[in-house]
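Got some structures for you, see below.
Each of the next two complexes has chain A plus one more chain, namely chain B in the first and chain C in the second.
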Partner chain A sequence: MTSVGTDVDRVDGPEKTTGRARYSADRVLPDMAYAHVVLSTIGKGRIRAMNTDAAAGAPGVLRVYTPFQPLKLYPPPPGYGETYAVLQDRDIRFRGQVIGLVVARTFEQAREAAALVTTEYDAQQPSTSLAAGSPGVTAPDQGQGAPPAKFAVLAPGVTSIDQALAASEVTVQGTYTQGSQHHVAMEPHATVAVWQDGHLTAYCGAQMPQVHAVSLAAQLGVEADRVRVLSPYVGGAFGSRVATWPDIALASAAALDLDRPVKLVLAREQVFTMVGHRPAVSQTVRLGASADGVLNAVSHKSDVAMPMPTVGSWVMVPAQDTSGALYKTPNLAIDQRVVPLDMPPTWAMRGPNEAPGGFAIETAMDELAVSLRMDPLRLRLRNYATTAAGTGRPWSSKHLRECYETGAERFGWSSRPRSGTVDGQWLVGTGMATAIYPAARFPAAVRVRFRDDGTAVVASATADIGTGAVTLLSICGSDALGIPLSRVEPRLGDSALPPGAPAVGSAGAGSTAPVIRSAAQAAITALIDLAVTHPDSPFYGMTADQVRYHDGYLDAGAGRSMGFARLLKLTGTAGVEATANGGPGPEAGQYAFHSFGAHFCEVRGNRFTGEPRVSRFTTVVDIGTVVNAQATRSQIVGSVIFGIGHALLEVDPLEDSGRLAAGNLGDYLVPVNADIPDIDVHWLDIPDTVYSPFGARGVGELATVGSAAAIGNAIHDATGIRVRDLPITLDKLLG
Partner chain B sequence: MHAYDFAAPRSIRSAIDRAGGESAYLAGGTTLVDLMKLEVMTPSRVVDINRLPLKGIRVDGNGLRLGALERMSDVARHPGVRSRYPVVAQALELSASQQLRNMASMGGNLLQRTRCGYFRDTSTPCNKRLPGSGCAALTGENRTHAILGTSDSCVATHPSDVAVALVALDAQVELYGPHGRRSLPLGDFYRLPGNTPHLENHLLPRELITGITVPSLSWARHSGYLKVRDRQSYEFALTSAAVALDVSGGVVREARVAVGGVGTRPWRLPAVEQALVGRRTTEAAYEQAVAHAADGARPLAHNAFKPELLRRTLVRALTTVGEL
Partner chain C sequence: MASRSPSTPPHRDGLSRRGFIGRTGAVVAGTAAASAPLDTARAAPQSAPAQQGENLVAVALTVNGRSVRLMADPRWTLLDTLRERLSLTGTKKGCDRGQCGACTVHVEGRRVLSCLTLTASVDGEHVTTVEGLSDGEHLHPMQRAFIAHDGFQCGYCTSGQIMSAVALVGEGHADTDDDIKEYMSGNICRCGAYPFIRDAIKDAREEMR
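Let's turn to the complex of A and B:
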């Protein structure tokens, strides 16, 4: 009986809920010193002088590093994060940049001394306005066969998207804006670095432990095989632990210089500027349609704030997998631009392109439905796409229509009151939107090892960033080996393990699950090989095809059956293992790959004071095979909560000075329990065997996409007010 | 956070003796410790007053008396407070989080510092934190800032909810200092910022709040606190209103109204109280009564919505309490 698709408790749940799980900052090593960073307090310019005398003389201080007395560091490899190395020059690129590191015997001493460092600057006026810088320049190429940032697909005889729009019977246009947002994972970024015999072990949160190791080695100027990253427990990531931010290299370099372990835990406020955040973006969507709602033209232009060229490397492309993939249209134009600004680093955040992009196109579709006086669900069904725009490729598996239908039925969409109702002090409205997220598949290697105590190890250098990946290793290992979950020991979060799938792009599960099956099969083959070739084995001398493996046993028929633990003991073998590799095959060039979903929600706005409160939410998704029902539900609920934050609360204004005005958890509002209604979640559970033989595409980010639009559309239904600037706060609803 | 001396005296007299200079009293610590970590407050000595005999909740014919060290959560769940002064219980329950309310004291609540982001960030100018350094909020992000009682030196709001309710109920603060006991109306306890926003109240050096009293008011049973904010919980008020109504025959006989989130101190609205007297308990009547509630407001670049929101907050609060 497989546990695939059932509700499985986290295998690391007891460790996490009892505090026994040791996160990076929980590591305490003998002789460990504590570091604290000093950050710039101007938005652009150059350091003229720094006075570190008081800090250096403060109790317990071991060393103060600054650009005048630096640790030697190199930039991360291109694309791995920022484009410069901290402490190597006196340039201030943004406010909140690392300009110093104080190391002391205790945390309190390091923090007190860091506050004693004074800095004189030659300040310049930073460039901080997205609006003033728009339109920007065409976004840099994303590489890896990605479509260009700017392209158009036009019907025969059509010369431009403007012409196609002009020829449409009905057009709508909207500009949708949002400010900076932050991941605010519960665990602040933390590193414990320790060197031994020229080899570094860094305990830090990593979505891709091996990529972290490669980047860290490059920043330290050492060979990659001298760096090991250990990241067994990660307190949330959402994209904030893909790149290596300066804290890891700083702690590691200081540990080398001082020849003792160093711990560096960022204060929450420091995470806001040192760790890349989701940049502000302005998007203009234009839609052209016939009077009966058939799309003729879709145009999606975006301007994204980007700290180029000194800081940024990841580029947001909001339109590609949203407007570029959602609807059937003969004419499509996408123009994704960036606006260089002097601001803290930016990076991918959950649904990095698609959450903002989805808000724009799915709000515009609602505006079109309103303009056509058409049910917004019917408008979407009327423009249902069966092949991907531009390429004509079919989807590997697409059941969005069933998501719409099932979601509408669960929510009661067809019997909803039209154009809002009033319930006491509250205006009530309903809205819907589509979710879409690309289904990438990454190469992954997995090792399966049978051990003589009857357990099996399933190991891969992927990461569990709170998603349940470690439990997935157990579930899939148990399924492939036919042994109970309790007899599988999952291992991940270690760069020394076989190269695993990165925990990014919602592709960790989809990329790993099929390879666990292959690795289990290879380990079984190796086990049978041992059984028939080892003289002490009761199966000795048989051919491999005479011995069958099932449920932890080797079986040659006629009562000749033996558990693998006993076989290993009889043969004096501690373990038998095999490693398998897997990744996308030729199907990658023949199909389009996305996951899909449909959101329906009810929002109430106070008729006096405007507060919008989400009161009901239904989300139905098509993600292929579900591995762990409980974790899947959690992921979807979490994604919708992200959407509620996106729609109603989350913004960090960038001031003219380059200061992020809400760089702390008191001012940067994320939803609390009271903001979250019961969220009704459903999935279709239709395997996508084109994507992989296992059929699971992954779920992490999908439901983040479109959820903000569904909320905004419901607010419009309730109040008649269309808010195109996120978050939709009560002051925008006072009418 | 810098190193500091620490004392935990057992008597009020001893606490006052140990205070002085750059000292700070520590009660629940929910403001002080937070601001010490941010280097916003840097006392050289911390005097822990938690051992002092400043507890006790009394509800009787004379009104309400709260010891300064009563925790917010204990006051909020006291049956007498809940039934006779619901506006106080509600203001407390809508404050902070349960964990903070379990720690924070009533006296400390009245003395909590503003949530202005510039006050809390030592890398920006702030006249309240560093007199004469300037006010970054005037030209910075000021969506949450005050519109009433502001000056060119400071536009920070007073953050307390329960202080708004207590001001509406004519509460007094009992003080104990080197020169003995005294008491002040809470409404007069707070200063306007003027040119000295670092001086927030009329506490004398080393003086302690020992208790809070509220005079008896039978119709305070018909009261309520409305807090308007972006997040449904665990956030400070954009606007708030403490309202008590004495209604008979569908007509307001007497009213108490104070507002929060808009003023540099808890803001009583006597003109609105007077305008309510004799009006019917209808939405239209409330709208007329509060029409001038925000007169004199000085909105900033990002909080121009607050005067209108304030009026609507009052109408909503009055409507809700009027229906009780």
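Let's turn to the complex of A and C:
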């Protein structure tokens, strides 16, 4: 009886609810010193001088590191984080850059001494305006078979997207903007670094522990096999723990220099500039259609703020997997540009391209529906795509139509209140939007080990950032081996394990699940091999095909059956194991791979204060096979809530000085309990066996995409006001 | 939008900011006169690492039913004392300035933000952390309900959510959905488990009564 697809409580639930789960900063080691970083307070320039006398002489201080007395560090490998190494020069690239590290005996002493460091700068005026820098330059090529940042697909005889738009009976155009946003994982970035005999153990949150280890080794200038990253519990990530930010290397280098363990926990305010964020973006979407709503042209341009090359970052391309794939259109033009600014580093944040891109195209589609006086759901069905517009490839599996239909039914779309319905002091409106997210598959290795106590270990160096990955290892291991969940020990979050799938791109589950099956099969083969070749085995001398494995037993028929624990004990074997590798195959170049969903929501806008409140939300998704119903439900609900923050709350303005102005949790608002209604979610559970034999595509980010648009569309329906600049705060509704 | 009621709700015995400041001053003044350092290694049940700091003051408190005596740097927050000196790391630091609720513990049965509470200000008081809720492997009804309803994902805010939730029931603020939403809004969950946290509270409140 498999538990795949059922509600399974998280196997780490008892640890997480009792406080026993140990996150990075929860290590308290003998003789451990505490570090605190010092950050730049100007947006651009150069350090002229630093006075560290007061800090160095403060009680408890062990060492003060600055560019004048640095720890030796090297930049991370290209693509693993920033392009420079902190403390190695006096250049100020952005406000909030590390310029010092103070290490003391206690946390309080380190923090106080850090505040005593004074710095003189030769300041320059930073460039911080996205609007002033737009239009930018074409975004760099994403490589690895990704579409170019700028491309057009035009019908025969059409010479430009402008011509196609001009020839359309109806056109709409909108420019959609949003400011900087932050991941705000609840666990501030933290490292505990311990060296022993030239080998480093770093406890730090990592979405991909092995990549962290490789990058950290490069930053420290040591061989990779001297570094082990342990990250068993990660207090949220959302993209902020993909790159290796400078704090991990700083703590590690200081621990080596001082020859004692060092703990470095970033203050919440420091997290806002040090670990990447989602940059501001301006997008213009133009749609051309016939009078009955058939799309003729889709144009999507974006200008994304990005840090200077001297800082480095991940580059947002918001159009290609949204407008580039969502609808059937004979004419499509994508133009994704970047505007380099003097700003802190950026990185992918949940639905990194697709959440901003989805807001733009799905709001524009609503504007088209309004302009056509057409049901926005009907408009989407009329332009339903069966091949991806950008590439022309068919999808591995696509059931978006059922998402629309099921969602509309559950929400009661056909009987929704008419636009501008008044209920007391509230204006009531409804909106809908489509969700889409690319379904990547990464190479992954998994090891399965039978042990002589009757348990099995399923191990892979992936990460559980709250997704439920550790529970997934148990569920899939139990399923593949036919033994209860309680007899499976899942292991992840350790760079020494077989190379696992990164917990990024919503692809951890999809990439890992099929390989667990392969690894289990390989381990069973090894177990049977032991059974027929070991002289102490009752199956000795048989051929392998005479022995069958099922539900933890080896069975040769005629009552000759034995549990694997007994076999291992009889043969004096502690364990039998096998490792399997898996990844995308030739199908990768033949199909388009996406997950899909449909959002329907009701929003109430206060007639007197403008306050918008989400009152109902239904989301239906098509994600392939579901491994754990409970964790899947939580992921979808969490994604929608992320979208509610995107729509109504989250922005961190970048000031002229280069300062991100809202860098704390009192000014950068994320949803709280009172902001969130009950959320109705449903999934289709149709396996995508082209994607993988297991059929699960993953779910972590999908429902973040389109949810902001659904809310904005409902606000327009309620109030008649179209807000194209996120977040939709009440001041924008007090026309 | 984004109602931000404090984790310590307006409540008849709640610690107001003014009361907090006055109390802290009084306790520090009172204990600074204590002379000989206390033998923390013998007195503290959790083997606290060597205490270091400046202008140390003697503090005696009860944590999870066990008496703890230590020489505290007046700057030590209750949060950092629990985590770094008593190895009670179940209580989490999310922001260190009272904006997120991850550090919520009970002092004399009331929920407080331990990051805004100086250790010296709770001299003589009873502190309960998430580690003190369960009885060995026998979990508190709220802990069981959080597991059963998936009231968490990454788990980092969970200690604070559970400590708030337990206090909420005692306060009489867990009777309606609107009350639960409002009085749990000082505890941020970025993973977005809010609806399931509400389900867990509604489930556990019946068993707690």
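What we mean here is this: the second predicted complex is superposed on the first by the 734 of 735 C-alpha atoms of A that agree within 3 Å, B and C clash if a C-alpha of one lies under 4 Å from a C-alpha of the other, contacts with A are read in each partner's own complex, and residues count from 1 in each chain.
Operating definition for what follows: contacts are C-beta pairs under 8 Å (C-beta built on N, C-alpha and C of every residue); 3 or more make two chains touch, one makes a residue touch a chain.
As the structure is a computational prediction, the values presented were derived from the model and not from experiment.
**Student:** Pick one for A:E611: touches chain B only (first), chain C only (second), both, or neither.
**Tutor:** both
**Student:** Could you tell me if A:D675 is touching chain B, chain C, both of them or neither one (first, second, both, neither)?
**Tutor:** both
**Student:** In the superposed arrangement, which partner chain does A:R633 touch: chain B (first), chain C (second), both, or neither?
**Tutor:** Only chain C is touched by A:R633; chain B is not.
**Student:** Give one of first, second, both or neither to describe whether A:Q425 is in contact with chain B, with chain C, with both, or with none.
**Tutor:** A:Q425 sits against chain B, while chain C stays out of touch.
**Student:** Check whether A:L730 is in contact with chain B, with chain C, with both or with neither, and answer first, second, both or neither.
**Tutor:** Once the two structures are laid over each other on A, A:L730 reaches both partners.
**Student:** Just chain B (first), just chain C (second), both, or neither: which does A:G666 touch?
**Tutor:** Both partners, chain B and chain C.
**Student:** Check whether chain B or chain C contacts more residues of chain A in the superposed model.
**Tutor:** So, of the two partners, C touches more residues of chain A.
**Student:** Does chain B (first) or chain C (second) touch A:A558, or do both, or does neither?
**Tutor:** So A:A558 meets neither chain B nor chain C here.
**Student:** Looking at A:A132 after the superposition, I want to know if it touches chain B, chain C, both of them or none. Which is it: first, second, both, neither?
**Tutor:** A:A132: touches no partner chain.
**Student:** In the superposed arrangement, which partner chain does A:L649 touch: chain B (first), chain C (second), both, or neither?
**Tutor:** both
**Student:** Let me check the overlay on chain A: which residues of chain A are in contact with chain B and also with chain C?
**Tutor:** Chain A residues touching both partners: 59, 108, 112, 611, 613, 648-649, 664, 666, 669, 671-675, 729-730.
**Student:** Using the touch rule from the top, collect the residues of chain C that touch chain A in their complex.
**Tutor:** Touch list, chain C to chain A: 1-5, 49, 52-54, 73, 75-76, 80, 83-84, 87-97, 99-100, 102, 129-131, 133-134, 137, 139, 143-144, 146-148, 150, 152-159, 162, 180-182, 184-198.
**Student:** Which part of chain A faces chain C closely enough to touch in the complex?
**Tutor:** 9-10, 12-23, 25-26, 28, 30, 32, 59-60, 105-109, 112, 183-188, 233-238, 265, 267-268, 465-468, 611-613, 630-631, 633-635, 637-642, 648-649, 664-666, 669-679, 729-730
**Student:** Using the touch rule from the top, collect the residues of chain B that touch chain A in their complex.
**Tutor:** Residue positions touching the partner: 1-3, 39, 115, 117, 120, 123-124, 140-141, 143, 228-235, 238-239, 305, 308-309, 312-313, 315-316, 319-320.
**Student:** Show me the residue ranges of chain A that touch chain B in the complex, using the header's touch definition.
**Tutor:** Per the stated touch rule, the residues are 41, 59, 108, 111-112, 115, 425, 606, 608-611, 613, 648-649, 653, 655, 657, 659, 661-662, 664, 666-667, 669, 671-675, 727, 729-731, 734.
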